[in-house]
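Supplied in structure tokens, the structure appears directly below.
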Amino acid sequence: MYELLYWLDLFGIVVFALSGALMAGRYKLDPFGVVVLAAVTAIGGGTIRDITLDTPVFWVANPIYLYVILLTAVLTIIIIRRPKRIPKRFLLIADAFGLALFAVLGTEKSLALGAPVFVAVVMGTITGVAGGMIRDVICNVIPMILQKEIYATAAILGGSLYALFRYLAWPENIAIISAIIGALTLRLAAIYWRVSLPAFHIAEKEESK
Amino acid sequence: MYELLYWLDLFGIVVFALSGALMAGRYKLDPFGVVVLAAVTAIGGGTIRDITLDTPVFWVANPIYLYVILLTAVLTIIIIRRPKRIPKRFLLIADAFGLALFAVLGTEKSLALGAPVFVAVVMGTITGVAGGMIRDVICNVIPMILQKEIYATAAILGGSLYALFRYLAWPENIAIISAIIGALTLRLAAIYWRVSLPAFHIAEKEESK
Amino acid sequence: MYELLYWLDLFGIVVFALSGALMAGRYKLDPFGVVVLAAVTAIGGGTIRDITLDTPVFWVANPIYLYVILLTAVLTIIIIRRPKRIPKRFLLIADAFGLALFAVLGTEKSLALGAPVFVAVVMGTITGVAGGMIRDVICNVIPMILQKEIYATAAILGGSLYALFRYLAWPENIAIISAIIGALTLRLAAIYWRVSLPAFHIAEKEESK
């Protein structure tokens, strides 16, 4: 079980690092810039989670995560060369995997550290959305959470499902995998069919003054 | 006295969550996106304060704050519907209340935790401005601190007034309320009459190269 | 040796505070806004480093840093008046000094606190680039790390050189100074001759859908 969490965590690091490296590719960064943007995206959410819970930051405790990010960024640079064109959606899909994985794994870690359920789901949501948000803010791109398609909802769903499955005493492995699949399915559906919930919109009154 | 601090703190959370939800309303977010933006705005400053002072983060220690944010966001969505137009200033005023409350309460908490006066005022300023700054950066809106009207000044004034009143041995309750009123009055005056201090401006030399 | 670190650290604070104050000068901020932007730039990187390493934040432990920032911001405002025009490069150069100093000093502090070498170099890089990145994100300017010229590379070089020199058992003082000079030289060369590494660029396929 511990092993599953570990591999899923590394996989989340890989997909978020990939999304950061792909975003870097839009900016003609040099290789070290690519690595830094990949790293910020991959470790941003988990770092905020660990600091807020006052537990040792995962990548300081275990530098393997940093090596994985470095490797991911280097492979992305090598494999995707200039002549090759890749669809915009690839970044969205990598981000979706990271979102679903980290939302559930963040909730799991918070619960394991003794956080109340509601706090744990909030922590999971932060873990899932923060890295991508930092990536988008640095790159001055509209953060995905501000876009019409379901995003925060998928992260909150992932964490909530996991908390529910644990409450229902499902085995840990099955609870984790099911919650990730739930969040991922919702987010991918939102990307492919542009699904969105009814929006909250304020028409601002122009002030005469 | 403890009670007063608690209620003022919750009130600060409500007004900042409101400002985040109103900002979200400009972006046609779905309800969960609204909740996340409200939460980031409301807990951003205090989270940075608590982490920097290495004290347990307030909303992890006491999840009531998260429930209040959720309730505020939901009520904002329900009450303010599309046909209803609200003046732009409403967000500014909610932000002003949050700024004044958190600048003073952040200074109080830092002093109570043993920080030197100057550090405490800086912490108060961070508590007051950071949440709104994160909100504005995510939404790609020019942060209020970069605008001409008095903003950082009001936060620094609030914290300094509180430190002064405590130094003068005023009763805690009166010191808190007076400092908040001072900061709030200054900021609201700046909003209504567009008051500003003399600006610091650098005319950049165009380089020939 | 401890003394050298201390003075270099204060010098890094001064140059980053200067870069923040100069950036503020583009926005016609009032003096308190200038101070806040200078402070955020100067303490941003080191604060993230200390929080992540779970060590007391340097400016909370020793408020002298805050006084130095205040003094720097005030002097910048007084000395650089409106009629005076300053070249754009001045900000870049101040930032370059801060980048080189903090990348090396951040690596040194992390190693001294027992972090593994790779983690320490990453921490140094974060210390060097984060303050300026926060400054640029708040001001909605394209962060320097996203620009073509060598930036992240110089920070990574500084930390790596220091780690190498320590491994080679160079005296601490010489290792520090040499690593700073190495990083600074590379960054200044990049600014003056617009040196850049081969860029990683993805040409995105326009999707027909």
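Labels for the chains are A, B and C, by order of writing; each one numbers its residues from 1.
Here is the rule we go by: a contact is a pair of C-beta atoms (placed from the backbone, for glycine too) under 8 Å apart; a residue touches a chain by one contact, two chains touch by 3 or more.
Not measured: the values here are computed from a predicted model.
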Shared interface partners, meaning chains that touch subunit B and subunit C: A
Residue-number overlap at the subunit A/subunit C interface, same or different (half cut): different
For subunit A paired with subunit C, centre-to-centre distance based on mean C-alpha positions, whole Å: 27
Set of subunit A residues in contact with two or more other chains: 51, 54, 137, 140
Residue ranges of subunit A touching subunit C (in the complex, touch as defined): 21-22, 24-37, 39, 47, 51, 54, 56-57, 59-60, 63, 66-67, 77, 80, 82-89, 137-140
Subunit B residues touching subunit C - in the complex, by the definition given at the top: 51-54, 115-116, 118-119, 122, 125, 129, 133, 137, 140, 142-143, 145-146, 148, 150-153, 156, 196-205, 207
